[in-house]
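Multiple structures are listed underneath, in structure tokens.
Both complexes below contain chain A, partnered by chain B and then by chain C.
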Partner chain A sequence: MKKSEQKQVLEKIEALGREILKEIENKENPKLEIPIRTRANIYFDEKEQIIKIGDKKAERYFLNTAHAKKFMQTLLILGYLKKLIEKEGRTLSIRQLFYVLRHTIPGLKEDVFNSQDETDPIIEDIEVMLDVLRENLNLIPTPKGVIAGPLVVYDKKFKQTIDYTKQGAAGGAVPAIVEADALEFKECSAKYVLVVEKFATWNNLNEAKYWDKENCILLTGKGQAARAERRLVARLAHELKLPVYVFTDLDAAGYYIYSVYKYGSMNLAFLSEKSALPTAKFLGFQMKDIKQFDIPRRSWIKQTKWDLKRLKELKGYPWFQKKEWKKELNELEKFKYKIEQDALVAKHIDFMAKEYLPTKIENKDFLP
Partner chain B sequence: MKKSEQKQVLEKIEALGREILKEIENKENPKLEIPIRTRANIYFDEKEQIIKIGDKKAERYFLNTAHAKKFMQTLLILGYLKKLIEKEGRTLSIRQLFYVLRHTIPGLKEDVFNSQDETDPIIEDIEVMLDVLRENLNLIPTPKGVIAGPLVVYDKKFKQTIDYTKQGAAGGAVPAIVEADALEFKECSAKYVLVVEKFATWNNLNEAKYWDKENCILLTGKGQAARAERRLVARLAHELKLPVYVFTDLDAAGYYIYSVYKYGSMNLAFLSEKSALPTAKFLGFQMKDIKQFDIPRRSWIKQTKWDLKRLKELKGYPWFQKKEWKKELNELEKFKYKIEQDALVAKHIDFMAKEYLPTKIENKDFLP
Partner chain C sequence: MTVADKLSKRHKEVSIAEFFEKNRHLLGFDSRLKATLTIIKEAVDNSLDACEEMNQELPENMKNKILPIITVDLKKVEDVYEILDNGVSVGEVVRRGDKFEVSYQGRRGTFKSKYAGHNFKIGGYDVKIKVDDDNKISVYINGKKKEIKAGYPKFRVKVLDNGPGIVKDQIPKIFGTLLYGSKFTRLRQSRGQQGIGITSAVLYSQLTTGRPAVITSKVGKNKPAYRITLTIDTSKNKAQVLKTEVVDDFPYDHGTLIELEFEGEYRSRGDKSVEEYLKRTAIVNPHATIIFKDIDGKKIVWKNTSKKYPKPPKEIKPHPYGLELGMLMKMLASTSRKTLLDFLTKELSRISVNTAYIILSKADLKEDMKPQDLSRDQAERLLKAMQRTKLLRPPTDVLSPIGARELEKSLKQDTKAEFVVTVSRPPTTYRGMPFMVEVGIAYGGEITGLKLYRYANKIPLLYEQSSGAIFKAVTQVGWRRYKVPETSSGLPQENIILLAHVASVWVPYTSESKSAIAAYPEIVKELKLAFQEAARKLSLYLSARYKERIKKEKVNRFFAYGTEVAVALANMVGEKREKILEAIKKLLEYRYGSSALSAAEKVLEQGIAKEGEESEEE
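Then we have the complex of A and B:
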């Protein structure tokens, strides 16, 4: 039987603990080696096609007045997380974790943590140092997405089977933790995963039973994807070998949402290897779709200053340098307008479900 | 058989249309009478204990250069909504509605709507003029809440039964539209509804199977409640005669979240009669709970300037003038700290599920 991810995480925490203990017994200065998460150590890996953290590491010593407090904080958190995982199945938010660990050091007037601003970065340090996801440390993000389609999952903690063809107008809520220890894929007859930017688009396609007619999984992260939605899509792609198509607004924000699913993000570069999805394709909305699908002038709205500023930033990102994307970004800049998914119902309430999406997917008309 | 809500809505739209037609045939100046939604016409009804819209109405005339455009816009939206409802079961977001209706008036250079800022207020005008909810006009808000507990619903559009005891760690997503035409309550053995402010609290209680042990419905709106969560709680209370207990942070924002569930809000005063719930009780967190449950100093954090400002505002609201609330608000102001739900896991991971909530509910220890 495959070792559970949580068992692996526990072993990593214990190994680190033993190492520090050995350093103490050898009268060495105990230290932690933590990969640096600042922009200077983040790069776009052209070969793997993901945003990654580089090799630079910071050393955190116990016997160093500048490091001692953070060293203590890191071990406090690690020690508690070990306990949390061992209490099988219990999870906390990172704010709850802050309160659980916050206390005054006995005999001193000093608190171990002054605010969540001190615990959050250490949680990220631990994720990158141990190469584990916080979800496998039993720390939950707040999920926001919904899902529908021919996928049956088994919730291991609740021992319940959930069928995403039977969730009605609401769809199934994406769970906070979608890792293999929590969620097992039982059955799936879908041919692909369609990720849509907006809930209104998801709702329109769900009502049209798009996922039933096209035999796909339909998911929205309600805007910028949170951790749970990214990990769920990545697992569907990797484990069930499903192609992933991303459908967003035609604007800089939409392009960026796609790029986060595909390449990861700079802020969470340490997540990329587990969440990014270099095989994801950009379905649209594309500049050339305007003409091909005859999108009327009344569906266009002016790009704002923010849109144009964001577009300029995108042009500078290494992961937007493919020739197809350079062309797309330049054309969008000249266009001066943007086209939101919401505008596409103006052609016909089923334009997306019956015309646009089936045509694009049949013709494999994607951007890389 | 009871007439469906949508049928009633259609009849109201048609009646309004016939009235305008009659005015035209009689060579009168066609007019709409729209209750005013500004603060000046909003008051707290002491008898009904809800925030309501007063009697003041504005008249919108077709033959008045200051009114003509809005008159036309109102009829355009009404006409389209009638069509939308008749296409059984299809819904749109209010942004999608803007795009559907946006067009240039033939022969003129004038657009019927310049932006969504013009359509949104007219949708509210229509809600209050016809005394209908936009959800019954097939306009969806974006829901965000999750629910668990012994409640089985039937999704009438999708013809699917959803059991909220079988939704695993994720819980059931609250649908965008929870009106009687969309959602039928099939079975419910719950003794009460517990509304909690935060997702992390909901997650903690869901993992502890609180709803199973205590036989209740457990719901969170993830912070300030959106329309769907408010309407769902109101329907559960009115139709299933369930008591509703609201559990929030001990701070001004938490108190306010409670007051919106109970009395409604000023911005959506026209919603109060359908969504407010004067029988709702405030479970906590209360000032006196700090001592009773021995909440340690490390669970307290300083109120921010914003918290204190908000607290002063609350003290001025007519619906916070009960003696119990005056005392509570004064004590919180003097306390200078606040206690978030997140801090309560610091006592013990099951402090809320096994100690705090059962004690409060058994003793009916609520604020009115």
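Then we have the complex of A and C:
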């Protein structure tokens, strides 16, 4: 984090503290104003094509039986984060933060936090309240992404250069903090970024040297993408002007994973402006691919109740209202089956690397 | 048939000692524990009655000037031990005052307890008694330790009052004759057992200890106090005065002191302890001060909370609806009225001359018949005719309630409850008998668990707790509706005392031992309504208290969180924690008051202190 940015965050925390202290001294009921992060305050910005958080705010009062504890918890975290940032450079995971702050209130036989379930949402509250990403609060998310391909980066903190063509079978890990002040793109000859849903798919393609043959960056977020993967993909697209293609299962969950890369998520709508990537394209697996690539009947799995429920929800989201997507979703609903990426190897172990993906990319056969 | 009926028939034929033996259970002497309470009860009742009668006799401007002060002084006078030889009783040690009286193998001897530990010759035996630090004894005969078994201890009770006193010549009659007294066959709310109460206590004392009763009484300021020592000649049902003395240190201008020794059992606590009995008596006699000196010398005072005697009860003539054939026949036989018409209109209540004629024609009886001439059949016809005729209810203003306000004050003082509510229902009737109920609920404070205080005509009922009208009514209240948790049998599950008083000219007991009131629907209904009315007020109190508690807990919590907020804000703005905490305290004080804040501070301090102790233990 740049010094100026850091100073800004510290000032924001202090200003908030001053405001509350003033309320206390004026004998007012001290309060925090927190933008609401529930569905009710989430909207889809048609113009920018991203999911955004609205301007509805919830007030959290100290002298209110229902709010008091959360109010106290929020301030405890804010107070601690200020100390953490002042100490410079050191970062904590959100679980570590929970342990650092956890203690029993003297005389009350009650812990300030019972579980991490209580600290996590408050960290998100603080992010939206201060309009600061947790990375800038020296809190690291837990990345799980794996990356391979012709990309060389420089880790500023550790002063090391990492070449993602030389990471072997395991691939390179996506670092927790991928902001420009921590990670610098040195070289990149890739033509596009291929994001795959599953690690198994990534592994299959890595073994087939797909990224070498196709000259692309191959990345997986292992299911639903965490913040670091999304942010990295967004940076690759914006800064290196690379097209991004997303390849998932043919089911509601797969579609949603794509939509999070593209438009942002509802839970972290406040991140969208930095992390969403409206130019991302959906490569597959698509309904029409079943016929075109002759996916055998034995590879189909019945959709579960949960799949169907999720599909219905998807149909209701404003960012799934493009006609191509309406059609896709309707067909999937009628189809009553789903097809996982893993099923495609049943045709041939290199079916994805040698047939499916090259064909799709060559024909630009994407959904918007 | 009532006890009185039995007594009147039989007292001439059998010796009263024999009668007493056969009827112990009816008189309240069927166990030593019960006998102890009964003796005290009879003496205290007598004192309360005497004081009330005195007040009635006083001119208006003198009334309520002298309120009852009743002192009950109980001492253990004898410990008795049997000496056993292979489980067979071979002798006895009686410890009385500073003496040991030993009898062994038919020989007797006495020595002072200060010589305990030395050998004494009794007959041909060396007897030695050792007393240990706990005041327990051990007995050695010819140097060999003997097995001993504790027998029944003997007690002496002194009951003193500042009542009117008793004229010297009346004392032997009142205390020495069974059935003497003015209560017999009267229809009036009264405590007594038709004149057998105190005399039966004297008799029990005599039968169990062989010692006489001592009665001291003084009737006026310038009159001497006489002390009369008497026993009952059981063959003649008459007192035998052993000694009459004049004493000059009687503590009041007038009053009576009775001293009795008896074999008993003493409990220092619990439902059947003397203390509990006297406490319950004190609660329903708010005008009386009752003092108890227990056997360990502890003195307990239940001070009067009212400065006025209760309204005296009135005597009424029996109402036909409440008559039974036996009673009617007895009245017919003993009346001085010359004609049946006169008898009906003057000996019974609510029968006018016109109504009397209607009854007589229904019963097919002549108005000028001599009451004594009626046969059993005719009496039965008369009773049925009366009960089939529409009559006014009996007058109900004849009862002497405790009074809701008086009861509330008294209950509050004597139970040290946190909240007390009382309800007095208007009088009504069951089977022609006027009655009324009064209830009280005492909640919280020093009360632990559920206690049911039952009274009939101001007498505490200690036995057969879960039978009768009062218990039944309590289980029918539906406590849950009034925010009081309830057991599966419908009893409230709280720290609570439920008090119920049934006052009537004739209390219907479930049995002759007079332990519980019969569950007549009218009585149960009145009790239930009274308890529900009281419970409504309790529930209002409970919800107010609940809100208060919630508020208190809220402030406690805010303060505890406030100490954390102070730390957090100190980090955020870089100021001293103490300064911020002061500001938070001021905020809480401003919003919830200084008492709530200081209470919260205290709670937290105590919590921290306690945590300190706990961690030290670790």
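In this text, the second predicted complex is superposed on the first by the 282 of 368 C-alpha atoms of A that agree within 3 Å, B and C clash if a C-alpha of one lies under 4 Å from a C-alpha of the other, contacts with A are read in each partner's own complex, and residues count from 1 in each chain.
Everything below uses one rule, namely that a contact is a pair of C-beta atoms (placed from the backbone, for glycine too) under 8 Å apart; a residue touches a chain by one contact, two chains touch by 3 or more.
These numbers were taken from a predicted model, which means no experiment stands behind them.
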Examine A:F62 and indicate which partner it touches, taking first as chain B and second as chain C; both and neither are also allowed. second
Go through the superposed model and pick first if A:E207 touches only chain B, second if only chain C, both, or neither. first
After the superposition on A, what does A:K27 contact: first (chain B), second (chain C), both or neither? second
Tell me which partner A:L108 touches in the superposition: chain B (first), chain C (second), both or neither. second
Of the two partners chain B and chain C, indicate the one touching more residues belonging to chain A. B
Have a look at where A:G316 lands relative to chain B and chain C in the superposition and call it first, second, both or neither. neither
Thinking of the overlay built on chain A, is A:L76 touched by chain B (first), by chain C (second), by both, or by neither? second
From the superposed pair, tell me which chain A residues show up as contacts to chain B and also as contacts to chain C. none
Over in the complex, which chain A residues touch chain C? Could you list them? 13-14, 16-18, 20-21, 24-25, 27, 29-30, 62-63, 65, 68-69, 71-72, 75-76, 78-80, 82-83, 105-110, 112
Touching residues on chain C, where the partner in the complex is chain A: 554, 557-558, 560-565, 567-575, 580, 583-584, 586-587, 590-591, 603-608, 611
Flag every residue of chain B that touches chain A in the complex, lowest number first. 87, 89-93, 95-96, 98-100, 102-104, 111, 140, 142-144, 146, 155, 157-158, 160, 162, 166-177, 182, 198-200, 203-204, 207, 222, 297-299, 340, 342-346, 349
